[in-house]
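Input: structures, listed below.
Each of the next two complexes has chain A plus one other chain: chain B in the first, chain C in the second.
And then the complex of A and B:
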């Protein structure tokens, strides 16, 4: 029990900031990211087979990605009016560009949410966290070629998803 | 199906990657997470496993819930301040309303009492005056009677003296006659 707690404290000190930043990027809400951060560590502390986890940092980031997209799925049905579109955290642009960027970012994140788990993780790690392919491959227990292929497929799928959304808007 | 440009996707992903939370928010989130999982660990370490203890805890909770429901559903304790304020307001209004009536009744009562007292006083004084007058009359009668008796005694004495004077004058006349006879003789 003590060992588990020590490991979690170590993880929090070492990767807490990056986990929170990741959650903020995926939710675009600092308050929600804070909630999910707490939920993440409670989940980790309640994990029954923690000994089997080889790379704590990678596992925590995977759980964080899943938590963020689960939250996005729950929020899907809530229609956002122009007044309550949340501002992007720490963006120093004008309110109008904030709004446009926020809508674009929401659209992009909703599209990423629709990807399968592996390509989703790959695209988040590669393009949002901007990690090198080698690190992603190590964390996902895959080769760099496999990761590149996953990212390529994911980009194509995103093009489809975002393109179809744009076509729907044009038809309307 | 029209596809969006790949560069556009990369640009948007690049924008997402630029988002960074504030330092304060990060600190706050880390502290909260630390507290959260510490508390979670503590609560888990005290997790109750025995069914008997669980049953006892459930029974205790049930009793507590019943007690709380009973307290909530029972009559609320009297709010003394509110009650006092209500009574004061009620009394003030009722007193204000009946103040004039009470004044009138009191005035009439005082008038009645004064009238009765004066009548009684007058009656009592009349009786005493009568008694005094009767006594005076009795005293005057007694004095007059005494005067009559004295006058009667004086008159009787005068009559007695008058008889004695007549007898003396008669005896004197007799003697005078005898004396004259003697001289003539």
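And then the complex of A and C:
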């Protein structure tokens, strides 16, 4: 049990910030990221076979991705208005620009949610966490070619999901 | 949203740094947390209480408290009456016989519920005598399958049609592999060897059970594109009482759920059950199941392309392939499968070789990748299927079904030119 605690706190120490940042990017909500961070560590603590996990950091990030998209699944899309801009990371741009960006981000993240688990993880690791293919392959226990193919197919699927019949916000 | 801006938008999300102070706060909390718990002389609950009061991330701190409590509970459960998951595989492997019921449900997009037939099978497995599976469609006995690798028996008997089908050309090892596909003992072994999450305790038919769940395309050995499997084991006896599998095919156009229950472990079975019972007036159909290899896979792909004017199966997952073969045959000939059983079976067996070959490559971890969703016979130089044959060397089946060996660098160049 002590070993379990030590590992969890070591993980929190080393990866707490990056896990929190990832959850913020995937939910676009700091308050939700905080809730999910809590849920993540409860899940990890309840995992009965922690000894079998080889790479704690990779495992925690995979669970974080699943939690974020589970949360998105439960959410009904909220129609954005100028008074209802979610808290996104950067505030350097104008409020209107932020609105456009966040609308695009929301649409994109909702589309990623509809992907199967493996392509979803690959796309998040590659584009949102910006990891090299080799690292993703190692964490997903796949080859780099398989990861490339997963990303390639996922992008095509996202194109299908987002390509037609979607509303665009006009820059007025 | 412009579809061509997808990569740009994705990268923007990735580049969107969370504010620096949030990073710092998270880091500080993590460090403080670890330090707090590292103080051995202070009563832990008071330190945590202080911490929780001070922290801006009170929920995160509360989570840490839960970690400690949960760790205590888990430790307690492990040492008392939980399922001994670690020993489960060994226990199941030692089982000599098992009888169970398998119920299968299929949902097809666009097909109203209730129009798909009810499928049920009663399976008998014996390590000594082999397998007998009685298959019922809408409560009517459809066929009985007998499989005994030791005696080289693989026969299906169809009472309604007064026919029997004997499968030939399979070695005992290959028959053993076929038998293992539906063997619950093998399923349990697979599930326990993959990453799984605990589901906690529940009751099934008043039996106290504990469950685990696995997800991923490998859960059923390539049968589905993606699948979830749950295993429920009786607390006390440590024998499985229910296995649930849900898989998707064709990107979710077809969903299949399977439930294995009514298990009877180590039950005494009459050897006569495993001897094919074929009345004298039944007619036979010999069916050759040739060895699966690159040649049979190419033949399967060619046959499919002939049926579909140059298109290849979109995916080589076996159920997707079966669905697409059925659709292609129906579209090409307008046949009703029920009255053209022989043609259907023959095409199915030959084309499925492509899927079986792919499953074998995947099982052997040969880095197999299939591009049938974007490559047709009109892309003769595109990579249709490739796999690794040795260090740095890959075998390719191209869009025109010719083959070649290439280096990893050459493969990368070819794959960069794949049609979108």
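Assume the second predicted complex is superposed on the first by the 155 of 172 C-alpha atoms of A that agree within 3 Å, B and C clash if a C-alpha of one lies under 4 Å from a C-alpha of the other, contacts with A are read in each partner's own complex, and residues count from 1 in each chain.
Throughout what follows, a residue touches a chain if its C-beta (ideal position, glycine included) is under 8 Å from a C-beta of that chain, and two chains touch if they have at least 3 such contacts.
Predicted model only: the values in this text are computed from it and were never measured.
Participant: Looking at the overlay on chain A, is there a clash between chain B and chain C, or do the two fit?
Facilitator: Here chain B and chain C cannot both sit on chain A without a clash.
Participant: Could you look at A:163 and tell me whether it touches chain B, chain C, both or neither (first, second, both, neither)?
Facilitator: both
Participant: Scan A:21 for contacts with chain B and chain C and give back first, second, both or neither.
Facilitator: both
Participant: Tell me the contact category for A:10 with respect to chain B and chain C: first, second, both or neither.
Facilitator: In the superposed model, A:10 contacts chain C only, not chain B.
Participant: Applying the document's definition of touch, where does A:148 land relative to chain B and chain C: first, second, both, or neither?
Facilitator: In the superposition, A:148 contacts chain C only.
Participant: Between chain B and chain C, which one contacts more residues of chain A in the superposed model?
Facilitator: So, of the two partners, C touches more residues of chain A.
Participant: Please work out whether A:130 is in contact with chain B alone, chain C alone, both, or neither, and reply first, second, both or neither.
Facilitator: both
Participant: Considering only the touch criterion stated at the top, classify A:117 as touching first (chain B), second (chain C), both, or neither.
Facilitator: second
Participant: Superposing the two structures on chain A, identify the stretch of chain C from 62-70, 278-286 or 296-304 that clashes with chain B.
Facilitator: The answer is stretch 62-70.
Participant: Please write out, lowest number first, the residues of chain A touched by both chain B and chain C across the two complexes.
Facilitator: On chain A, the residues that contact chain B in one structure and chain C in the other are 1, 4-5, 8-9, 12, 16-17, 20-21, 24-25, 30, 34, 37-39, 41-42, 44-46, 88-91, 101, 104-105, 108-109, 123, 127-130, 155, 158-159, 162-164, 166.
Participant: Over in the complex, which chain A residues touch chain B? Could you list them?
Facilitator: Chain A reaches chain B through residues 1, 4-5, 8-9, 12, 16-17, 20-21, 24-25, 28, 30, 33-34, 37-42, 44-46, 88-91, 101, 104-105, 108-109, 123, 127-130, 155, 158-160, 162-164, 166-167.
Participant: Which residues of chain C touch chain A in their complex?
Facilitator: Residue list for chain C touching chain A: 1-3, 6-7, 9-19, 22-23, 26-27, 29-31, 33-34, 37, 57, 59-60, 62-64, 66-68, 70-72, 74-75, 78, 85, 195-198, 215-217, 225-226, 367, 369, 371, 373-374, 411-412, 415, 418, 420.
Participant: For chain A, which residues count as touching chain C in their complex?
Facilitator: Per the touch definition, chain A meets chain C at residues 1, 4-5, 8-10, 12-14, 16-17, 20-21, 24-25, 30, 34-35, 37-39, 41-42, 44-49, 52-53, 88-91, 101, 104-105, 107-109, 116-118, 123, 127-130, 143, 145-146, 148-149, 152-153, 155-156, 158-159, 162-164, 166, 168.
Participant: For a test of understanding, state which residues of chain B touch chain A in their complex under the given definition.
Facilitator: It comes out as residues 1-6, 9-10, 12-17, 19-22, 25-26, 28-30, 32-34, 36-38, 40-41, 44-45.
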